[in-house]
Amino acid sequence: MGEYRAMTKVSYNQIAGGSLERLAALSDGLFAIAMTLLVLDLKLPGAAGIHSERELAQGLLLLGPRLLMFAMGFLTLGIFWTGQQTQLRHFARGDRNLGWIHLAFLFAASVMPFSTMLLAEFLAYRLALLVYWVNILALGATLYFSWRYAVRAGLLKDDVSHATSCAIERRILIAQALYALGALFCVWNTLASIGFIFALQLYYAIAPRLRFGAGSDRKSEV
Amino acid sequence: MGEYRAMTKVSYNQIAGGSLERLAALSDGLFAIAMTLLVLDLKLPGAAGIHSERELAQGLLLLGPRLLMFAMGFLTLGIFWTGQQTQLRHFARGDRNLGWIHLAFLFAASVMPFSTMLLAEFLAYRLALLVYWVNILALGATLYFSWRYAVRAGLLKDDVSHATSCAIERRILIAQALYALGALFCVWNTLASIGFIFALQLYYAIAPRLRFGAGSDRKSEV
Amino acid sequence: MGEYRAMTKVSYNQIAGGSLERLAALSDGLFAIAMTLLVLDLKLPGAAGIHSERELAQGLLLLGPRLLMFAMGFLTLGIFWTGQQTQLRHFARGDRNLGWIHLAFLFAASVMPFSTMLLAEFLAYRLALLVYWVNILALGATLYFSWRYAVRAGLLKDDVSHATSCAIERRILIAQALYALGALFCVWNTLASIGFIFALQLYYAIAPRLRFGAGSDRKSEV
Amino acid sequence: MGEYRAMTKVSYNQIAGGSLERLAALSDGLFAIAMTLLVLDLKLPGAAGIHSERELAQGLLLLGPRLLMFAMGFLTLGIFWTGQQTQLRHFARGDRNLGWIHLAFLFAASVMPFSTMLLAEFLAYRLALLVYWVNILALGATLYFSWRYAVRAGLLKDDVSHATSCAIERRILIAQALYALGALFCVWNTLASIGFIFALQLYYAIAPRLRFGAGSDRKSEV
């Protein structure tokens, strides 16, 4: 193969991949599916045995923790979808390697429904929580690696400042440190871990809205 | 974390999110899946016991109400997809907060297949109808909140008139009032509720075509 | 509600819907799912009882007709996806009514996996074939209605000639007439119906490639 | 039908199909689903019988080979998604025939979850491996045919050099030759086949990153 390649100037790896639009489209599709697959797990247990409003209410109450886990999985996927979107917006173009880093990221995202269902089914088991955390770690690690590669390979837009670049890396590192801290809580109690991680994610999704007014956001959006 | 941030000018929340195109793509994917997941519920009951055309006809007849509920879920999702699309068309740009409001909207949309299946299975139960209505309410509330936030944060296009803005808010409020009225009917009879809501949705989807000619539509499309 | 509207100049129905890009994205997502859902039905019957290459071969052979039906469903969806794409390419813009016509079209497309699985399971039943045919009829009818509406409402691009318009309408009518003829064959034998419809679809997908050279296509693509 | 057509200048086949954007969108959606469907197969065997961390660990270990097969299927789909994307980027426009070649390609992609699950369930069976290989062959063959057709029909962009065209064809042929070699190994041992194909795919996804620096990639991306 090496000799064959030497005869021409162009190798396949130099021309493959590279379209950010299609990467974004594949990602949007995959996230949309991963987010929705979770609802397939929402089945009323023992539906055949329900014969009154009261029994239906009890069935729905039993579904409560599962719905909460579903919301937590949706939140996790939403956070990483936003994170990837933020990166792609700052890339001027992609290349083949970046494509494969993001395919690895998407692989981790596609496993998330499995991790979430596992955690929902084994709420009190440390191992289920560790699987969930490893999944979050894989999402964060591939996203961090994606940014580092893009910086090194010169794929960023010209107007991306060093401060922006640092903010993106810092955000991933701090969030992953806090997730790891949350996962550590499981030595004590898995529900404490889940609570901490869920609160952390809600903070990332909601808190900024309370702290920054629309005005300051608008400025930075330019 | 606060101290860390103070050292730089750029925080992650100021640069995250914001692409309307990707939000639209994620939404289209998620709605496409939610609409199609409903068909997975269309299983012929007791298929193994069917040995004649007559038995197949009976099986399909039993599937009738379920198909109708499926059509109703599709209609609901179609209405809110149209509603979101209308809003996004009037936004000049997005920001991180708007992204999270729409992720909440999409969460409500992804729960819709579950609510629909629940209602299809427990047609005569008030609780199933209430779950369905709460789901519609969540869709309407997030969409209303999205528009209010966009107005306040200055995300609208310059050519969006005050009248347009009012029309969009009014539409959501009136529709939600009517849905709530329909849900109230379940005190009397759940089938009356379902019938009223279905008729209301058909009205929203079909009726305007009868009232406005193509000409008046064309004008307003400019 | 009527009085309320009279107070302002803008009604929601005049500003809702209208983005062809988002309609195309929703359609692509929904067709992609409907096409892929069919494969979920491909389960090896009695997988637990397979203990030799020979038994696996027998299991796969039993799956043969199902795979063929799957291919037929894929072909059907491919034909109507191409048909919708052809129409959208000739539209200058959409409006709310067109959006709802296409949502009806998408509803028919989302039922296709159900019709296909029904036919695969009840190959010899006329009723299963009629359900399949009604589904194809619904796809054709909504597509035909979409084009007629677009012509009447002036949504076509300026460069769409009358001949093009006629070709599109004619194609749908001829194809539907042939499908109806194929469905009629089931009075005699359902397998003859299925064979005729499958051959017809293969003709629509493959035959033109044999008849028109690349050169004539290129010309018409301008 | 022939006479009918003769009366007008425009036939449906001359105006149908042709939008590369919609083909890309359908492909992205379908690949996203095929990639994610695989995770549906990840079910903890005997979840009801798990009552300790140790039993959960054993259950997850049993899931190991399945997760590896899932990764392999994801990798396969990622490689062919990248391959299709590379081709589409070099096309100036599409036509109806190209659309159908890619629908055949997508059909092969949609069967991949089935082939992967079959191989995961019957790891030691040559027939399961042959089905997997035929699926890869179908993906490669349709992609090769797509490029040959595009060259012949003049659909390429003007700036696509002969060297680029040769590199794309060569890549498919070499890869398929190696896949066939790997499949041949199953005469000896199916696990050797799977190992060889997996290693080959990892090489295609990862190796180039080690060999070409970011600099040389950047150059060729212009």
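Each chain gets a letter, A, B, C and D, in the order it is written, and its residues are counted from 1.
The rule is simple: a contact is a pair of C-beta atoms (placed from the backbone, for glycine too) under 8 Å apart; a residue touches a chain by one contact, two chains touch by 3 or more.
Source: prediction; values computed, not measured.
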Going through A-D, A-C or B-D one by one, find the pair whose contacts repeat those of C-D for over half of the pairs by residue number. A-D
Can you work out the rotation angle that lays chain A over chain B using Cα coordinates, in steps of 5 degrees? 90
Any idea if chain B and chain C meet via the same residues, over half in common, or different ones? different
Whole-angstrom distance, CA centroid of chain B to CA centroid of chain C, is 24
What is the distance in Å between the mean C-alpha positions of chain A and chain C? 34
Where in chain B do residues touch two or more of the other chains? 25, 28-29, 32-33
Residue numbers of chain B touching chain A in their complex, please. 1, 4, 8-19, 21-22, 25-26, 28-30, 32-34, 37, 93, 95-97, 99-100, 103, 106-107, 110-111, 113-114, 118, 121-122, 125-128, 131, 149, 152-154
Name, in rising order, each residue of chain B that touches chain D in their complex. 29, 32
Interface with chain C, chain B side, in the complex: residues 24-25, 28-29, 31-33, 35-36, 38-40, 42, 44, 47, 50, 53, 56-57, 60, 71, 74, 78, 81-83, 85-86, 88-90, 161, 163-164, 166-168, 170-171, 174, 205-206, 208-209, 211-212, 214, 216-218, 220-221
